[in-house]
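Two complexes, one shared chain (chain A), two partners (chain B, chain C).
Right, the complex of A and B next:
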């Protein structure tokens, strides 16, 4: 513990306050071209014609790239983990969200690049769009994605994350009260002050140097190499200086397209998204739809939980299967509920694809669970601190996916919160620790779930 | 057209309606003013024009012909930090650093105008400067420290050696 509380140097602190930090868009290479993209103006459509010839012959335009120029068109951010690819780098025959890139251009200056985009001819056959995850399962819902309206490729080709634990029917039969709630946190745009930006310099030896604002340099390296079908040693990614990311710069949003333009033009290229592009076309935190029904006793024990989660993935999967997996493991929040029936779906809609943002998958269920526990306390007329501390995770309790907790922090955190807001806890609550359950804190319904932390 | 930037006179070739931001970044390669929104909304492009904080993205270069422009490079250098640069370093007021240049120039104008260490007045002075890392508390602390005339021991925080060896297993 030599760092906590100590005054330490920031390795980039002096550079920040003297204007010396070189962010991606501050790299200056002579002869650099500007990049702009033709993006879908609608939420959902078939592409019936794309003609870029007028842009290609325009004075000052050095390269135009469409889906035909991409060696491997579809590659997924989680492909390296065995999750199949679903998203084309550039749209081929269908656009599935407003702002989806269709063609990109590199030109002498920003104005010429914009004029080239304007000169591209795009004909679309617009189709009905889906925005509400609750309607994705309807028989007459628009079909959003080539795999259907929800992700079908979890392990063993399951179409959901499913958790069954304990005896849910008995929990609901034994309950005094069933408390229900629906929770729908909205999408959030990360809004980094530095918009998505990238520069790529083709080197004399054939390598590409990529200046990237990515938060996940090795993701970007792997994704670019796969799309380009080149070995990793043909790429040099310069990263580490990020003008705000918050999860939104985990996606490889710009690097691959800039590489293709640098290869085709033989010139350095530079792409800096406008603020409008950042808002409309960059990924967001996902909106979620969560339905909870808890079987509870009059004295504040939560016997069982039935839960349905619809995770709005937007038009493509990206990191959402991973986010939903985390969500399912954490779907009881900081509390131990022994009997569970959980179904979670990654649902596709015609919104911009969603991605990582600060604890994604878990923040949504924390919000839902905390709100729901307060609702239970209100329904029962029981002290909300008491409900939290009785049901708090303790040593030896098991998580929804069966992991026994070795060092759960719910009890000290709840006590610190009570202290922080000046709430006076009853003496039996104030005396609580995270120690393994016994006595009054080990009612019959919690016995069977207990596990051995050393097994994990 | 002529511009003086951080004390250096420049002959500018960009057209008269080019934004001051583009002239600084693209023609003169002075990159500390940032293109965060190019709509006057985020404050990251702020520079001082004859001592007044201005959004360079909304300022046609012709309108500042003959003026003295100050960017954060002009406040001080790594070996000779200005009081505000010292304060931002001491109080860790820069996180990702992208809003820092604009934020510091708004703060410099506030200090030069005799601003106090009152938090509400400082909040008013940096209103319209977006820090999405939400480091506002440290930023306000740093500006207040300069307004008070605090002195800073920067032997650790501004160590040119970079990362110190914390000793043992880190």
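Right, the complex of A and C next:
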């Protein structure tokens, strides 16, 4: 019996559909305390006073943790890739987004924890907030971040991510038509059925057991160990079965804070975000602003692309520099465009930090470039199947970084789709394959970009 | 006032594994004294089915039934490193690590079976849980007997480890974006067609039908890959016409904090979905697989936007395509500005219109 290729039942399917799968929120440990957070009520402010003494002395409260209790306050989500840290685990002297955690409490029950949060005294000096990425560069824009309003790439050597390929000026000079448009997909929520949840148990041997809904056990292990400044063997992350993630549970949103409260109180603690916290305080998919100008010929060849991308990172960097880089590497979509001029900025705003989500960095550019290609077809009066099939990348064509494609499938998936919807392709389109370009499919403008897949 | 139908298409691509690579996954496997297989890997299953897929790869590679495999990804004490379940990497990268570990286990089983049968291991193969001599199938020993012999007779543990890591590709030229190594592993490809109905009185866009084609490399489990594609289609529909954390973006007000005020797609929004799967194997994924988990919500929004244009003749390029945006676009009936060979859409949205000059988008003309 073959296992690969077989329609075998999902390994944990029966448990899921009969409600017997144990998710984090199903873990029950006697003596567990409830966790709640004091969050910023405003988008941008200096913290002038934080007094948690009334909460600490409240009956039923076992621990309050603020920035002062965190061994390493800032640890970047992408520290492992050399991207510097910028986000404090708990706000210190400034809040940069509504909902940012400032102090956390562990108490006997949920009501007491909420009462303790309400008893904390917080004085804020509100500051102007920035929300429109297009205004982030203006002289009078509020300054959001210690690095300014956009991320300093390559250790501040560059203010943007760039792609340069071919001769963009020649492409625009040679064009019959230049089509320009703006594309702006929205921020959306991951909407997992399971909200951010965590249970931490301090063990008799001094270790901490972390029941986590993380999408990345070892990534979260590393993040918690760094904040706590402990070796990896002091922690055990338990998980591996997640009630919906879609990228939002790559953020290690609750684990470190629960560990700090468990250490301080000596008791097991649990934190389950409410649906409202999940919607309003958890990270979102980024909103993007993209402008494209394509230099095209009357018969539908795309000679060159100029593109500007502003990636709304929210208040901190998290994974956004990674997402923008990936975006830049894929800004030609499924096509071969030999002349490119791409500038992309990770822009800070006073929005909840944005993070990874299904299709990270590319969902946005797929929307922009494909809608743009549909528009070009409409402007030129060229068949939308034809413009896709002729510009489709083929073996030996090169990516925006100059890497030659070994085995692209754009042509087969477009032809199969046409067949699926019953669109009748012209014989010359029906005959197309992903094979290396020649003849009519190798016009002069595509010759210089051809590479050898074996070279890398 | 009428309801109009339209159709649009899109073609997309997506890299498998982390951009620029450098993302390891590891696995280890041990065999119980009765031949049952225990797999330890650190891959979180977020509903993507990685427990199932990795178990199938192990069963296939060793040559034992699927239900002999137990999969444990439950904690960081017993499971080795997996960078995580993201970047469409769970099947492609972590699946390769378990395949490598399973190959070592298979080798060890053959070695011990060779001793038991007094046949060179290279003349043996494993079929359905039995080690058989190639060309002489009457000479055989069950994997359970091999495992028992290893445990009680030879004093050995049948085990194997595997790791998959593609080296990190560095951007060597920040000016051009040139890299020293390919920044991606396999690239997956897909296409999508959308048929929509647009009511020009209410502005409501209904997605009636989505056709989708994916090159998955190899469908390790066709049922699960269809599930990912259909689930992704629904998420893409949400992106296209429903969901928005900031309904008046860039304003940060009027956020929806509950299901009643945030429109996520539900059963009533489901269109007919037709899925076509193509298998063009990758050279470096397990059994030729590619990862399509993430790209599954990338094709629908542009196909829907083009279908809306086909239906009512307006381009809505700020997602989601809500009734309000459709009605405003219909009322404005904006035509692109044409100047020489320039055709300029959406000028009012451009940085050139909104910024005070801090940033410009200049087009060589």
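Just so we're on the same page, the second predicted complex is superposed on the first by the 448 of 456 C-alpha atoms of A that agree within 3 Å, B and C clash if a C-alpha of one lies under 4 Å from a C-alpha of the other, contacts with A are read in each partner's own complex, and residues count from 1 in each chain.
By definition in this document, a residue touches a chain if its C-beta (ideal position, glycine included) is under 8 Å from a C-beta of that chain, and two chains touch if they have at least 3 such contacts.
What you see is a predicted model; the values in this text were computed from it and never measured.
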item	value
Comparing the two partners chain B and chain C, which touches a greater set of residues in chain A	C
Contacts of A:14 with chain B and chain C, given as first, second, both or neither	first
First, second, both or neither for A:392, with chain B first and chain C second	second
Which superposed partner A:23 touches (first chain B, second chain C, both, neither)	first
First (chain B), second (chain C), both or neither touched by A:195	first
Partner chain in contact with A:244 - chain B first, chain C second, else both or neither	both
Chain B versus chain C as contact partner of A:358, first or second or both or neither	second
First, second, both or neither for A:185, with chain B first and chain C second	second
Footprint overlap on chain A, comparing chain B with chain C	2-3, 7-12, 191, 242-246, 275
Residue numbers on chain B that touch chain A, as the complex places them	25, 29, 31-32, 34-39, 41-42, 44, 71-73, 75-78, 81, 84-85, 88-89, 92, 94, 96-101, 104, 130-133, 156-164, 166-168, 170
List of chain A residues in touch with chain B within their complex	2-3, 7-23, 25-26, 28, 190-195, 242-246, 272, 274-275
